[in-house]
Amino acid sequence: MELLINLTINGLATGMLIFLLASGLTLIFGLMSVLNFAHGGLFAWGAYSGVWFYALTDSFVLGIVGAIITGIVLGFITEKLIITPVYGNHVQQILITLGFMLVLTELLKVVWGPNQIAAKVPPYLAGSWEFGDVLIIKYRLFIIIVGFVIFGLFQYMLQKTKIGLIVRAGVMNKEMVQALGINIKRVFLYVFMAGAALAALGGALMAPYSGVVYAEMGFEFAILAFIVVVIGGMGSFPGSLLAAILVGLAGSYMAYYVPALSLAVNMMLMAIVLIFRPQGLFTAKG
Amino acid sequence: MKQKFQWNNYLLGVGVLALVIFPFVSDSRTWTILLTQIFIFSILAMSYDILLGYTGIVSFGHAMFFGMGAYTTAIMMKKAEPTMGIFFLSMGVGMLLAGVVSFFIGLLTLRLKSHFFAMLTLAVSGLFLVLAEKWRTLTYGNDGFTFKAPEFFKDRMMFYFLVLAMLVLVYICLRRFVNSPFGRVLVAVRENEQRTQSLGFNPLHYKVIASVVAGVIASLAGSLYAVSLRFVNTSVLAMDITLDALLMTIIGGVGTLIGPIVGAGIIELTQHYLSGLAKEYPIFERWIIFFGIIYILAVIFFPRGVVGTIREKMWKRQSKKSEVKPVTKKEGLG
Amino acid sequence: MDPILKTDQLTIRFGGHTAVSNVSFEMPARQLKSIIGPNGAGKTTFFNLLSGELKPTEGEVFFKGKRITTMSAVARTRLGLGRSFQITNVFPNLTVLENVRLAVQSKKNIRYQMTRHFFHYKSLMEEAQQLIDLVLLQGREHAIASQLSHGEKRKLEIAMLLALDTEVLLLDEPTAGMSLEEVPAILDVIKKIKQKGDKTILLIEHKMDMILDLSDSIMVLFNGKLLADGSPQEIMDNETVQNAYLGGLYDENAVES
Amino acid sequence: ACNIDEDTEKPEASTGDDNGEEVQGTIKIGVLASLTGALEAYGKQTKQGFELGLEYATGGTMEVAGKKIEVVFEDTETKPEVAVQKATKLLEEDEVDFIVGSSSSGDTLAVLPLAEEYEKIMIVEPAVADSITGSEFNPFIFRTARNSSQDAVAGAAAIAGPGVKIATFAPDYSFGWDGVAAFKKAAEDLGAEVVLEEFADPAATDFTSNLQKIIEEDPDYLYVVWAGANSPWNQIADLKLQEKGIKISTGAPDIAALSVMEPLIGMEGFTVYYHTLPDNEVNDWLVKEHKERFNGEVPDLFTPGGMSAAIAIVEALKKSEGDADGNNLISIMEGMSFETPKGTMTFREEDHQAMQSLYSIKLEKQDGVPYPVPVLIRELTPDETEPPINN
Amino acid sequence: MKTLLKVDDIHTHIGQYHILQGISFEARVGEVSVLLGRNGAGKTTTLKTIMGLTPASKGSVTFDERDITKRATYDIANSGIGYVPEDQGIFGELTVEENMKVAMRKEDDATLARQEYVLELFPDLKTYWKKDGGHLSGGQKQMLAMARAFVHENKLLLIDEPSKGLAPIVIEKVMEAIMEMKKKTTIVLVEQNFIMASRIGDRYTLIDDGATVQTGAMKELIHDEEVKRKYLGIG
């Protein structure tokens, strides 16, 4: 029983972390339909700047804030320079964002050097509690809480405002949305910036979790994020949350019970979900 | 229209001729190898273009077929004799294998809509990667293994010619393929699947056949790749290979067939030059940044890929000369 | 004479909404029947059921006595059931000529030929050209379909259907958005085809004046149900049709002209 | 096209008699390393070490047996096909006499056959895969780097003993499997018992399930074989393995990676190199020069390896009196011993693997050093770490 | 009467094509102006140019005494112009309700009340309130497109072929609605249905080959058999 609880809590926490990584992509890829291969770059920049600001200010919270600001700024630059010319054209998006990904990753090395850098958990979140055989790692609990907060925040925003609707409409028919009096360019810019900020936040929270940041971390986790967004159903926050938790739990249980298959677990999960639910778990509808 | 075609073919002929003569006037092995490498990736990229450019399918799992060819050839050369016979046999076996696998995967997955299909191919090829990783008795896992190439290829020039011949052959066959009535339907499927259906063509058949053709050709490229390195490891199944094929196709111009060849050339050559520059000028130490910037500029200046954009420009100039006015003057009926 | 097309208790539901409800009709061969009915009556859906785009929840479709209810759209087209679409549905980035040529290619049953250059099939090209002329699109052969004006797209749509040369033609509002001047020309094309006497035509239209003298019979759909099926005059005199569908427009029109 | 011509004429010109240098002779060495990409840090270490090594071995003259030494570095980008391209370029265009490299086992394996084809000596540094001097071995291959088995033997020597229960944890691919298999053998030879072998997806974010199993097994030691940035140390600490009486042991990596091992302070393991560990002149020179040249930085994990490779080449050439012919060198180098920053190394005759010292260490926190420092417990002599012969 | 919209000799290029080659007309407050012309004449492009979707390369568009030639589309729309495109521009994956929601610039009581009014005009929409726009019938889509433009009290409405695909009785209703709306709103209409055009139009502009051929009062056109025959093929 304790074992099951442990596995579940850890799986849930990993799932939440993955959700945080994927949430930005849910906006950018799921909702705006931009195949953003540079997402991992935004994520890695978030991680590095989080560590850097933390070291600079000696405050974890300020580190996170710094990362989010970095994300917003980078999101602005990315949207204006890279994404604007290629909205609606997936082929061009692949090329230009992959190019930008290379630039972002290499720039990390220019700024912070090619070596990995240690990322520390703040003292008040370090360590774990033990209740009998049940062990709860503080930082994971923190991740779970942040995950739910972010989920709630964005779910509320998408449900209670028209932004989600407008973005989806804009993807379907940009001209028409404009003809209805909406400055869709600005909406896209803001949503992209929000997505980039989420990516950066994900990176900043991921860093202490694994204890290290390195320039190539972006690409690895970007693929995971794409998987989550797709099996969750494009553009659906509840879908992404569910998919992320599914991935987290499946990883946790498989690694324990069927370790031989744990390498393949994400891919298998995705294959199974898509074969039985070709549109993903949820659709973007509230 | 006819004339333009001939002109194009003429140009291509000259290009091929130059490449045939090249090893005789230059004995730079680096160039032979680099060009061989470019030819191999051209074949791979062309196969990808059949999917992306002609049928409108984005696949993130193309490396799986490339890897299948590479492993089949490598394993057969290692386990059996490294002779030309075995080499061609292994190529055939690899292609057959890729054909069968792509057929079933296509049947299973091609009903899915774009993104979902793309991710499913990613999943399947990911599973193949795990398989190669785990089946160590055969693949030696992630480290991979070396093997001997046939005696005939000891002279890399011979291999160069073989690969060049393969490239030309594949190009001609694929050109035929896309310009056949079948190929025209592929384009129709890309444009509007549902309408293709109501014209009496079954889109699924077309998509599956296209993915089989693409898979088989990718496997051929994989076989050649393995022999060119005399080594194989799991990197042939990695996402990077798919992305390379994807980038080459896009940079060159999707749906042009010649574009992927140009794209392969551009990417390999710039990479070669930039990394060469890095040795001489410290500012190029981070040459990958410049490489990334080239992708970005490519999209901005060649939105339809190099070949696609040039073609468009030429077509525009032509049509401007003859001034095809969209608004047709018609005599009033009165 | 046996009906070429027949439905039996044809029904389809979308969620709770019955779009076509228990429609049994018979289509005599080589005739022209028009289908009218208010917006959302189920006309297009009925076409979709005939052409195989949709599968019925209940009921059967017969073609020449053969049950085709579960057949795919592809198979039905090959069998001889061709259709045009209400919402323009062409290959947007191909030229007008290529759009039509593809349809001709299907008619000629050239489906899996992969080794010959398509330029070898000159006749396809010629035939496509003739059809383009027929629907008054000459001069626009090399225009990209997405750049056509709305009316021009409608004409292309018709050319593609005619290219299929199927025994049964299902036309969904072929003249919607076509300019006043050209409607008669298109009607003429339809009339000619009808006069040649080897085709069966089903036509959805809202322009009553144009179908009255063209149709052998008219059927009326109403809330998914078959309300009436009879000669044009019978239908025009039908009071429900008058009140719920026609309104006053055509009376006054008659007065004015 | 004109570039092509230039490139192609150069080699011809330089081989011609009219070239003055030819009389004196030049020894050319090509070094392959990952100078970009994920393994960039390793590549740089090799490069710096190699340059320093040449300088040291030639006494700053950069000449051996009257011949000038030239070095060409090439970036493999950690891609086998690029490695082959660059290696061929080195062999064909630069006409190098030696190949050195590379940072990844894959790149190295891909280049091995070329050494044989061109009959040039290849010094493998720092790739670790056993198969390089095992199943894929050819006589032109010499390795100054330690291999996975040596790591494993060293790892076992650090902790194994009669009755000791050990669990292993490794990434789920060749590197992990080879490492664990070799470790298991070595540990069992020393009388220990390997009670559990856990493998995890190296890219996973969560290792707690594996660690959970290890906790349940309750071994004396957990031996971790790990490489790559995404590491399990935090989670090992979070799950309080050490508090539960499970001692951790692993190989101490380069300094950058050490900095993330804070949770493991106190652990006993082994290392290939840390600049304070070896006690010999070569190392003293290396540390001093390195600090001088690279504004105070100390040599790192693979710096001495690069240096060793350079020393090996120079020593061999001294013995051959400048004869760089691959076939002749093989017999000279087989069994050759040479002094390196890690003490005396000897190329084993059978598989050309350099026998070398490794170090049994303990991680300690030291003032003024921002990362856990490996402190010497004892040096593991080349005899102790001798791996099995596999070729 | 006051001129609300003045289109002055506009030229529009799409790609390398010179589509509009001199279109001029005026729409006066409280009137319905109809653009007439055969397929491909440039009627739709004219409306798009006014909306800023295919900006003019030459000439000017003045709306409400402001030059809007170079303004962004959303800005033009917000200055009080509603637009019903010929392809309806329905967001297929959004429900009818969501389609309406996107169109509403604000959700105050006045707008909601107006929505009620619009829905009375097209009761079908109410029936299919939660249905995906893409699943509507052709005519229902047309209704939805109009409802979206009508939900605000715009100063000007640009409507591209409102009667297309509608049942005769609905055309009646739409005509009534336009007549009703005309009291507060100026309307520019593209219409192929001459019966409808002549009944609700006050002025007409005849376009051919991308240029204005003639413009005048609708009453005159009804009796101008010559023009009707030459450009409209009727009479």
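The first chain written gets the first letter, and so on, giving A, B, C, D and E; residue counts start at 1 in each chain.
The criterion applied here is as follows: contacts are C-beta pairs under 8 Å (C-beta built on N, C-alpha and C of every residue); 3 or more make two chains touch, one makes a residue touch a chain.
All of these numbers come straight from a predicted model, not from anything done at the bench.
Between chain A and chain D, the least number of touching-chain steps is 1. The fewest steps needed to get from chain A to chain E, moving only between touching chains, is 1. Note on chain placement: the centre of chain D and the centre of chain E lie 75 Å apart, centres being C-alpha means. For the pair chain B and chain E, the distance between mean C-alpha positions equals 48 Å. Chain B and chain C have centres, each the mean of its CA atoms, that are 42 Å apart. In chain B, the residues touching two or more other chains are 133, 286, 288, 326, 328, 333. Among all residues of chain C, those that touch two or more other chains are 147, 181. Within chain E, contacts with two or more other chains are made by residues 17, 38, 40-41, 231, 233. For chain E in complex with chain C, the residues that touch the partner chain are 14, 17, 37-41, 44, 86-87, 124, 128, 131, 135-143, 161, 164-173, 192-195, 231-234. Across the complex, chain D is touched by residues 22, 25-31, 33-34, 37, 133, 136, 140-146, 148, 154, 225, 228-231, 233, 235, 240, 271-272, 275, 278-279, 286-288 of chain B.
If you check the complex, the residues on chain C that touch chain B are 51, 53, 72-74, 77-78, 82-83, 85, 89-94, 98, 101-103, 105-107, 110-119, 121, 139-140, 142-143, 147, 160, 164, 181.
Chain contact summary for the complex, chain E toward chain A: residues 51, 53, 72-75, 77-78, 83, 85, 89, 91-94, 98-99, 101-103, 105, 148. Considering their complex, residues 82, 85-86, 89-92, 94-96, 98-103, 105-107, 109-110, 223, 226-227, 230-231, 234, 260, 263-264, 266-268, 270-271, 274-275, 278-280 of chain A touch chain B.
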